[in-house]
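Chain lettering (A, B, C, D and E) follows the sequence in which the chains are written, and residue indices restart at 1 in each chain.
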Amino acid sequence: MEFLSYLITGISLGSIYAIIALGYTMVYGIAKMLNFAHGDVIMVGAYVSFYVTMFAGSNLLGDDPSTLASGIVALVSVLLAMAVCTVLGVVIEGLAYRPLRQAGSLAVLITAIGVSYFLQNAAQLLFGANPKNFTPIVSGQLTLFGGQLRISYVALLTIAACVVIMLGLTTFTGKSRMGKAMRACSEDRGAAQLMGINVNATISMTFAIGSALAAVAGVLLCSYSPVLQPTTGSMPGIKAFTAAVFGGIGSIPGAFLGGLLLGIIEALAQAYISTQLSNTILFAVLIVVLLVKPSGLLGKYVPEKV
Amino acid sequence: MNKKFEKGKMVPVPSHSIIPERDIDKSPILECRHLGIDFGGLRAVNDFNLTIGRTEIAGLIGPNGAGKTTIFNLLTKVYQPTRGTILLDGLDTSGKTTAQINRMGIARTFQNIRLFNNLSVEDNVKVGLHNQEHYSALTGVLRLPWYWSREKAAHDRAMELLSIFGMEHLADHAAGSLPYGAQRRLEIVRALATNPSLLLLDEPAAGMNPSETAELMENIVKIRDTFQIAVMLIEHDMKLVMNICEGICVLNFGQVIAKGTAEEIQSNPAVIEAYLGKQKEA
Amino acid sequence: MKSYFKNMKTITKADYATYLGVILAFIVVSICQSQGLVSRSLGGMLVPICCYVCMSVSLNLTVGVLGELSLGHAGFMSVGAFSGIITAMSLQSAVPNDLVRMVIALVAGAFFAAIVGFIVGIPVLRLRGDYLAIVTLAFGEIIKDLINCLLVGWDENGLHIALNVDGTKSMSSLGLSENGIEIIKGAQGATGNARIATFTMGFVLIMITLVVVLNLVRSRTGRAVMAIRDNRIAAESVGINVTKYKLIAFVTSASLAGAAGALFGLNYSNVTAAQFDFNTSILVLVYVVLGGLGSIWGSIIATVVLYVLPEALRQFSDYRMLVYAIVLILVMLATNNPQVRALISRIIPRRKGAAIDE
Amino acid sequence: MEPILKVSDINVYYGAIHAIKGVSFEVNPGEIVTLIGANGAGKSTTLQTISGLLHSRTGSIEFLGESLMGIPAHKIVAKGLAQVPEGRRIFLQMTVEENLQMGAYTRSGAGIDQDLEKVYTHFPRLMERRRQIAGTLSGGEQQMLAMGRALMSRPKLLMLDEPSMGLAPILVEQIFEIIRTLHKAGTTILLVEQNAQAALSIADRGYVLETGRIVTSGTGQELLASPEIKRAYLGG
Amino acid sequence: GGGNDTSAADDGGSDTTVSTGTAFKIGVIGPLTGGAAIYGTCVANSAQIAVDEINALGGDIQFELLPAADDVNDAETSVNAYNSLMDKGMQILVGTVTTQPALSVVPLTYDDRVFTLTPSASGDDVIENNDNVFQICFTDSNQGSRSAQYINEHFPDAKIGIIYKNDEQYSIGIRDNFKAEADARGMDIVYEGTFAEANQTDFNVQLTAAQSAGADLLFLPIYYTPASAILTQANALGYKPTFFGVDGMDGILTADNFDASLAEGVYLLTPFSADAEDEMTQNFVTKYQEAYGGTPNQFGADAYDAIYTLYQAIQAAGVTADMATEDICDALIEVMPTISVTGLTSAGSEMTWDANGAVSKDPTAVIIENGTYVTP
């Protein structure tokens, strides 16, 4: 029973990693850049949701709001967070990354780091250093086996959201016109232009999707572990990047699998081996997997044609 | 005549050779026996047998996707063969890496040019001289006298090699900034710098106009004559192939469909059907 | 010989200019310091600046010359720092001379970082691109975690080392004798270190780093490494043992970072593993990229400027890191702007076959 | 007759390199026009400038009476101008069929499937390999794919950059056959070729480019007959 | 206000100016940005309040508080911060805020003979091997063993779980001493879990493990930010042990949007409570809220006390601002063990110091009831 609860902890944590990793993988796969500011967009999303909920709580809802009312507030807060992050993502892309289209990938990486610093410090000035306690968008839990096993609704929601997003993205990139345009851009921007694809618009679109996902991830992350501060996004961001690579960067199912496994390994390592060395174990597993499968679990290894 | 090259049949050396008369007194430089590789379900190369004499210029032709480049990749161990053996100068090459194969004596160029684009032309050649002008990393860091003498030797040798194609004046240019034709020539020079006994050229004339091709032909023969090495080339320019190749091997769907001299090949109906088409010229 | 020099002219000129610049800077700063013209603030930054210069120059070897993205360079600095501190502290009575002890510690730092670099390098270098990045990142975190559990003490019986994985061990479980010294106390790091690092030593280390990196790059080995960077398959096809040369570059880079780390460790009375985390690796990477991949003098200048910048921005108080971020982004945008680049290349004419001075 | 494409006095630079120096030429509807010239003469650069991937500092480019100057590349395609770029530039990680579909990106619905069939009849090899990842095709197969892909946009003007490069002789013939067929079907073609012999023999007119300048022009037959051209480009 | 000289004290909202030469230049070092910014900013703000109050008294002793120097809670940056303050002529250091940077800075202040009074760097090593460093907060060892003692006396049969932060000296220090004392007393520790800076928001695994190990009292020697996450997540898991925190737990009630009902029944050792009724606390908290918004935590209270302690020590030593820094230092070292100070954090009694620099004030345990601290 304990094992099950650790497993569920791992899966719900992993689902959050997976959602973030999906955003990473999208942006990486298409814009070919490591967007280290992705984690900070998560943080912004969470703050937006936090303030919307606070505002609604103090101005719109009464002392004892109905489930429906608070549900609507939660939904609105998520949607607003997505909207803000989408705009933020597109603006960042347009101002900081687009001018670097011709530059090397490392130049973009460093700019992304600059953006990350910027977002964190701007958040501290705007929202203060004092951590906020985030109110989960859904509360309560499912109790099984006579109370021996509890699964919070947040965990269930996270897992469900993660699966839906993964399936949605897979279909989108595989089937839709825009999705194919994205894949074309990811391979050869010049050739994509010759096909009539608006490369800038496509990359903006990618950032829009990635950032909207980041907003969702931010809300879920803070619903799961309720402390929100300007640095909230950075570690999950790195973990998610790891997850994306673990699963095979650029691969959507890979990001999903990688995130999930990472969460599970982390939880089980903490529970059964050592809380002290859980990161070490996690990263060691990662290294071993990459050595056996150098392109990640589901990364497709396209050999170079010689 | 044709019977001699029947596929799948083990015959003693040098009868696999396209032109057995050449270098008849010496053992062949290269022997492929029943070579083959699969990509997934695709038999890209199957039962490929070939022998090349010490100073032969051999041609490998065939329709697109026939497996010609793949054979080069097998010879240089870019791909590990699924079946068969490759003997270089009588030595089995199985289990060797690409780098070791080069040190054993095979150098090549690539169908899609692969230069060290950010290095200068001279440095590209010097990289080719890597195993010729040897000194240790420590010698290099400490700049011991040996470093200076080896570097000078490398420089002189690089210039000498570049002069084959009259490219000395380009020595300081970044390789990636050269015109296409010059890049192809530089690749050949770099391959020569490794002091090979067998030079593999993958479509050396691609992207060159006929006059440039004519010049290239002369140079290939010149290289063979000066360095006394074997050259094997893949080319779709029939003028080049028919004029300088002493033996030609035709591949289709990974299988050898014909071997022989230019005349034999040109009149072979199977080759005409699969590859040459109704030739007007050459 | 003569014509050879003629050919090497442009490259060696740039190299000698780099050496000369560093030497001049050292002389000027030393003179100013002896005249009391250097503020404490700047004076205190001299040694760490030297360390970071070595860090960025050595990382440039991996990222710029070898062309592999490493996000764990601070891990090697960490190994160097702690092995350097252990060495220096253990030798405190045996080698009373600070200078000698410092040199031994630096060598030890470089040595252990090289060993770790070798161990990490073997598996890591089979991977490419971003996979390498993530594994180096992972390695950096692992090193940090392990050192966080590390307990080291020294007494006349020699070194006492324990790994406190489950929290059950403490310094007392090392069983140090009466006059033993506690060197590393887990997450608290090394405390009470003797601060023996000097600016002069930092300068010497920079010079050594420069000589090693520049001479390596201008040698047969360096050409092989750059060839691998530009086209691995072609490099193999001309007989270069890719793994060997990748390892040479990687291990050299690691050991130079280790030496820098040792110097760094000897400059502070307290050093913790957490200081050498992912963010530090990123910081050094920023120096390298901003200075220009493969450009050694660029790395040096970028390091000095970017290290001093947050300090210079102290007057902005709360806004200082925000301003830093904005400056970073703007500089990246400006240096990669085609117009600005064209302008720069007009001012500083470059060799046509730009290999490393790009 | 109004030319379908009119290029006048374009100047293109790569940083400090002046690659195209005041080039002007035109293509009339229904014509095959060829640009020939040595390596590095600027043929590819010219095509890329027309399709909007590179930009000229001066002059004008008019397509169907509309100026293309300053119009982004993706919009130019939609106007009916397709290019088979040098070095093929197919999408290596997509399947053959997906590549072909990308060619029809600017179109919607009707006729795409028929065109796909048409391409497959031109190139049966592509039909065999429709599910193969394009990156593993042989050089020649990739060239076929690149041509097929460009045809999928049903261009009014098709620009081909060295379509015969790296192809087996039988395929070179086929490619030229296809060019002829397309031409007969009313597609205007701007052809860049190293194989000057073949190019000039099917071209209505040709221009000779040398280090970024047009040095000669004339009908295909005139140029074929010219002794200088013979010496310089036909290996005569 | 003091004189009308132009050497403005700082940009931190002071309305006082002081005459050159008569004001002691005081520096504060702490994290103003980054993850620990909340502690550093509170210290800087509170010190400013105390300085303004003292300057407003208009006595001979005037303070000039240099702009607080940011150390990002990093040992390396803290040295730079210290040097930049030295360039500005700092005579006395109130800092650093956290332990790790203190370990880097304190040897420098010792060499430079700069008198150092740290509000909240509680590590035992901070005051070791030097004579010039004094603490306002109690040391980690003190807290650790006091906690064990208290728990043993009040919950003799408790099955104890501990969750601590394995990369922070504060947390480890208290835990080590707690464990030593608990072992000596034969207390029953059934679970120990750790976390690090990198994962200090998710405690599901540790809590599940503690719960299944049967821990009915969770000892949390950590700061309140992670503690608030622990309380929230334990609640979600339906795990309701007795929580026992230390002084870092103070502030939990003021965490933004924290559901204070979750903290009901939490024990903590703290010297300070922002809603204590006494006049001094009320004055401080009101001023803080007016000037900076938000409620000050115990770090701020320590800083406020530090400034007043300094004030009293200077009075006792009779030093003046124009004296050399090392003379001021020596004189203050002299008097520190002799003075006794009543402050926000002295819990109604008086603080005194031993020659080593450790404060003696008794950590008292409080329990949170109805959103306020109550002595049980």
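General observations
Here, a contact is a pair of C-beta atoms (placed from the backbone, for glycine too) under 8 Å apart; a residue touches a chain by one contact, two chains touch by 3 or more.
What you see is a predicted model; the values in this text were computed from it and never measured.
Least step count on the touch graph, chain D to chain E: 2.
The chains touching chain C as well as chain E are A. Using the average of C-alpha coordinates as each chain's centre, E ends up farthest from chain B.
Inter-chain centre distance (chain B to chain C, centres taken as mean C-alpha positions): 44 Å.
For this pair, chain A with chain C, the centres built from the Cα atoms lie 32 Å apart. Inter-chain centre distance (chain C to chain D, centres taken as mean C-alpha positions): 51 Å. Once the centre of each chain is set as its mean CA position, chain B and chain E turn out to be 75 Å apart. Under the contact definition stated at the top, the residues of chain B that touch 2 or more other chains are 69, 78, 110-112.
Within chain A, the positions touching two or more other chains are listed as 121, 124, 276, 279, 305-306.
Chain C has residues 145, 148, 166-167, 233, 318, 321, 338 in contact with two or more other chains.
For chain D in complex with chain A, the touching residues are 51-53, 72-75, 77-78, 82-83, 85, 89-94, 98, 101-103, 105-106, 133, 135-136, 149, 153.
Of all residues in chain C, those touching chain B in their complex are 1, 3-4, 7, 211-212, 215-216, 218-224, 226-227, 229-231, 233-242, 248, 351-355, 358.
Contact residues on chain E toward chain A in their complex (touch as defined above): 33-35, 37-38, 41, 166, 193-196, 198-206, 208-209, 212, 225-226, 228-229, 232-233, 236-238, 255-259, 294.
The residues of chain C lying in touch with chain E in their complex are 39-41, 43-45, 48, 145, 148, 166-167, 170, 186-189, 191-192, 195, 268-275, 310-311, 314-315, 317-318, 320-321. Across the interface of their complex, chain A is touched by residues 63, 69, 123, 126-128, 130-131, 133-135, 137-139, 141-142, 145-146, 148-149, 165-167, 233, 278, 282, 285-286, 289-290, 293, 318-319, 321-322, 324-326, 328-329, 332-333, 335-338 of chain C.
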